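All chains are identified by letter, namely A, B, C and D, in their written order; residue positions are counted from 1 within each chain.
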Amino acid sequence: MVAENNRLKTEIAGISMKNPVMVASGTFGFGREYADFINIEELGAIVTKGTSLLPWPGNPPDRIAETPAGMLNAIGLQNDGVESLISEKLPWLRQFDVAVIVNVVGKTLDEYAEVARRLDGVPGICGLEINISCPNVKEGCIAFGTDAGMTAAVVGSVKAATKLPVIPKLSPNVTDIAAMAHVCEDSGADAVSLINTLMGTSIDAETRTFRLANITGGLSGPAIKPVALRMVWQAAGAVSIPVIGMGGISCAQDAVEFMLAGASAVQVGTANFINPNAGPKIARGIDDYLARHNFEHVKDIVGAVKSNNL
Amino acid sequence: MVAENNRLKTEIAGISMKNPVMVASGTFGFGREYADFINIEELGAIVTKGTSLLPWPGNPPDRIAETPAGMLNAIGLQNDGVESLISEKLPWLRQFDVAVIVNVVGKTLDEYAEVARRLDGVPGICGLEINISCPNVKEGCIAFGTDAGMTAAVVGSVKAATKLPVIPKLSPNVTDIAAMAHVCEDSGADAVSLINTLMGTSIDAETRTFRLANITGGLSGPAIKPVALRMVWQAAGAVSIPVIGMGGISCAQDAVEFMLAGASAVQVGTANFINPNAGPKIARGIDDYLARHNFEHVKDIVGAVKSNNL
Amino acid sequence: MSIYNLPIISQEEAGRRTHKLVLRAPELAGACAPGQFVHVLCGTYHDPLLRRPISVHNADVKEGTITLLYEVKGRGTALLAAKRPGEYANVFGPLGQGFKLPNTCGSPILLLGGGIGSAPLYFLARRISETVGCQTSTFMLGAQNCDSMVCREEFAALGPDIRLATDDGSLGCRGFVTELFAEYLASSESSTPPLVYACGPTPMLKAVALIANKHNLPCQVSLEAKMACGVGACMSCVVRVKDGGGEKYVRCCKEGPVFDAKEVVW
Amino acid sequence: MSIYNLPIISQEEAGRRTHKLVLRAPELAGACAPGQFVHVLCGTYHDPLLRRPISVHNADVKEGTITLLYEVKGRGTALLAAKRPGEYANVFGPLGQGFKLPNTCGSPILLLGGGIGSAPLYFLARRISETVGCQTSTFMLGAQNCDSMVCREEFAALGPDIRLATDDGSLGCRGFVTELFAEYLASSESSTPPLVYACGPTPMLKAVALIANKHNLPCQVSLEAKMACGVGACMSCVVRVKDGGGEKYVRCCKEGPVFDAKEVVW
């Protein structure tokens, strides 16, 4: 079993994982729904659904629309709030030998900081991923992720509120992703993760209405992989903290590409919907890749893409 | 034949077209290669390959890579320069009854303006599309399109150099597309077109090299449609000049969606590679749509998407 | 609940744009209950990307098969319809909460189906008769026209009382299945109120629910929603339901697809 | 040059991961010349997106068919290989500049193929014998191993002189087709220099070209490049060639895929 494989052991910002393959926030709930299907202990880490201070109702349906090789979502971060996470979800998750990273959302600086504060010291949490990039909530959130000053402020105040490793999750809806990664590093982030979804929309020509009740939503899935890979490569080139890469990863080869581009670990999102076993399968596939190419450890492929001779 | 159909007649920024379906720059050469396959007079307009002052050699191969529902290109704007356009390509194109828009590129403000100046008064040109957004040329170009001040400068100096309608083509690689559209309007643009390609990359895991010699390239095709549609909707909401929409259009339904989102006309790019007849077929399909939904004129569907009741 | 690569035993047309797909699935056949669904992979690569939720039309435990009855609507179902015996269908399930079966046979049982929505009612009727022993279900099936009325003979074989309505009157009464329902209630002489099970397009379910709620009849409806994960992880598929004095969103794939008509905010 | 939806007459395996596809294409069969290619749509929706360029392996004007011989490499060719008689293949062509045929039969003709690169040489050899009348082509075919040597019998039927090389020596000589070529040149007693035609992987073509150029032999090579449009419109597929004193990029799909080995910048 891959879980016991030294070659895949990964540590990022002080978070130890059996392998570098996590499941992405919002695509795996809190692990429970998928535990019937797969052995969640084969995952490097579970990143929870975005969690806010108080429960959020989420957006009206329709919340998703399929697109070519992708999907749009506008869930609107429906979640039961941080107290329900602490009292219900985490105790269940603690049964398992798998790292848990909590994805944190808020509408104000204070909300972000307060969620972080409440989670500080709660057993079974390895780190916080700060979602400053969800494009589906009217107030706040994406505004934080597309403005360098706001990003710095969120990261700074969350850092001040917790001893846990803090991982801002970057929005791809910006002109200069390297600059945003850099701002996070300067503000004390322990790692950065990217990309969240690209903002898009879908229209039904027959009814002349938007397909999402929220009008716009976030594009994920294989369609966005080339953009995600480019941004991960740019971000990794701009910072010295670890980069966690995601966006359209659906097989081990995709994951390897992100690591070659500079990601120390990867997250699998939309692919879970198509194959609930995608995460463990990708971890095993990375291991096969390392064996086939004679790498001693997965860290040896991080950033190992050769620059072209031009 | 659609060509004679009044319902589809479109005028944008003073450019009269038989229908609102153009072929996008760089995907149709100068029309000649496709004239063997299709009746190019059934197109609303042909937008030529990007044309610079002096010939440009382009990037080394590989110049393209296929991606899920899309492709990356890094052609590097190989072209024979404006004089060859005037002496060779345009005389051939003038045989046909179809509007011609010349796509203009440059590395400096002066180059853009000089190309515009040379094209001013040349018979057979209906307008200039200003490419400030190609992500594949090392100097200039994309820098113009991702900076509001530079965009204003290019549009202003091209406007001063020509009496032809000027249509800046926006880069999607920005935080705020509405702001960029607005800057163009303020600088005197007669229309805007969008989107150019999203910047991406592709890595070959087996060889650990970038698939494109240029490392990064521009993503086009159905994969980007949700992002393009969102940007067109945002841009159309921000300006009162006409918006020309493109990005992943491959059938009439796609084209109608862009028009519902606010585009007065559309361009078909990557789809030409899959079906050289895509343009004329889409024009006919829009006509069918208008008939089926009892619209008197194609302009009646522009911006006609209903805002959702939330 | 597992992921299966199921051999296709047969695929036949069963009406206008409607296909019946029989899959070899010994484990799944034993595991699934009426009203539950499976999540079906239709494409080969990434377009179309998502799985399609399809109800179980029948599960034959002895034969070790499940049957799906589906309408070709868009790209996913078109690809599914092109698959042939010898090929495989990748599905996972059984998913969701199915219909609650009656405990005894005291009440008349009404099964209301609109269009392809009739699909899961067949499995439901069979299970009611096989496990509870009630034979007296009444089917009320609606469709646009005669051609789109699916599996009429199949249903007829399960229960003698089958009432049909089509929009154009080409089969049965002209009108909606809700009219059959209202008529039934108006003319019924039974003193025990019927148990109502309904599946079909949302406007039909809404109309049925309003009638049932007015008469205070127990009524279960199977709802549709756009689904990504199908297992309750992504919050894509929510349905608005009553929550004490207020309202909330619950997951169609996990708390549903079958809901009590009284709980749904229509 | 047109777009065709061609009925599939047959599809068979013709070696390891190699398929032979026969299409009913009366117009195309008459129009295409050896070395030209067609652009084949492999997917149903948008993934994979682009067409795949495949050389014409044979065109039978009488039968009104064209044959493609192709290796399953990735996603597009895998989908193509899954198509069956009764289905259609959407292609357009013929595209590009084919091989220039010899005017007379004075010179020995060498046909050098590496791997699946041998595909177009069959059509070439047939046309040379049918239209120019030369019967004496020498085939030199290379492959990784015996299993991946395609259509050996077919080639043998065209010309008695067929020389084989495999990387592992499992068939013919152990080594490369370039070694067969060098050997031929070393031992040939013919006073007239041979005409060389080559198709295969780029490293092989480069090696062949260097030898041919050194001996100043006329040599045509068929190159591969990543193509989007296939018709010369997009500038995706460029090959570096000599241009007076300098160099420039020309389109493989339009000015090629067959080039004079002396023109190419290797």
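We adopt the following convention: contacts are C-beta pairs under 8 Å (C-beta built on N, C-alpha and C of every residue); 3 or more make two chains touch, one makes a residue touch a chain.
Note that this is a predicted model, so its numbers are computed, not measured.
**Q** Touching both chain B and chain C, which chains are there?
**A** The common neighbours are A, D.
**Q** Determine, using the mean of C-alpha atoms as each chain's centre, which chain is farthest from chain A.
**A** In terms of C-alpha centroids, the chain at the greatest distance from chain A is D.
**Q** For chain B versus chain D, what separation do you get between their C-alpha means, in angstrom?
**A** 36
**Q** Please work out the Cα centroid separation of chain A and chain D, and write it as a whole number of Å.
**A** Once rounded, the distance between the two centres reads 47 Å.
**Q** Return the distance between the CA-based centres of chain C and chain D, expressed in whole Å.
**A** Result: the chain centres lie 55 Å from each other.
**Q** Measuring centre to centre with CA averages, how many angstrom lie between chain A and chain B?
**A** Chain centroid spacing, chain A to chain B, equals 34 Å.
**Q** Multi-chain contacts only, two chains or more: what residues does chain C have there?
**A** Counting only residues that touch two or more other chains, chain C contributes 45-48.
**Q** Please output the residue numbers of chain B that touch at least 2 other chains, ranges allowed.
**A** 60, 67-70, 221-223, in rising order.
**Q** Based on the touch definition given at the start, go ahead and assign the chain network to line, ring, star, complete or other.
**A** Contact map by chain: complete.
**Q** Flag every residue of chain B that touches chain D in the complex, lowest number first.
**A** On the chain B side, the touching residues are 26-29, 33-34, 36-37, 49, 57-58, 60-71, 73, 75, 78, 221-223, 250, 270, 272-277.
**Q** Spell out the part of chain D that touches chain A in their complex, as residue ranges.
**A** These residues of chain D touch chain A: 45-47.
**Q** Which residues of chain B touch chain A in the complex?
**A** Going by the criterion above, the answer is residues 60, 67-70, 72, 146, 173-176, 198-203, 205, 208-210, 213-217, 219, 221-227, 229-230, 233, 248, 253, 256-257, 260-261, 289, 301, 304-308, 310.
**Q** Please name which positions on chain C make contact with chain D in the complex.
**A** 43-48, 75, 79
**Q** Residue numbers of chain D touching chain B in their complex, please.
**A** It comes out as residues 1-3, 41, 46-51, 92, 225-240, 248-249, 254.
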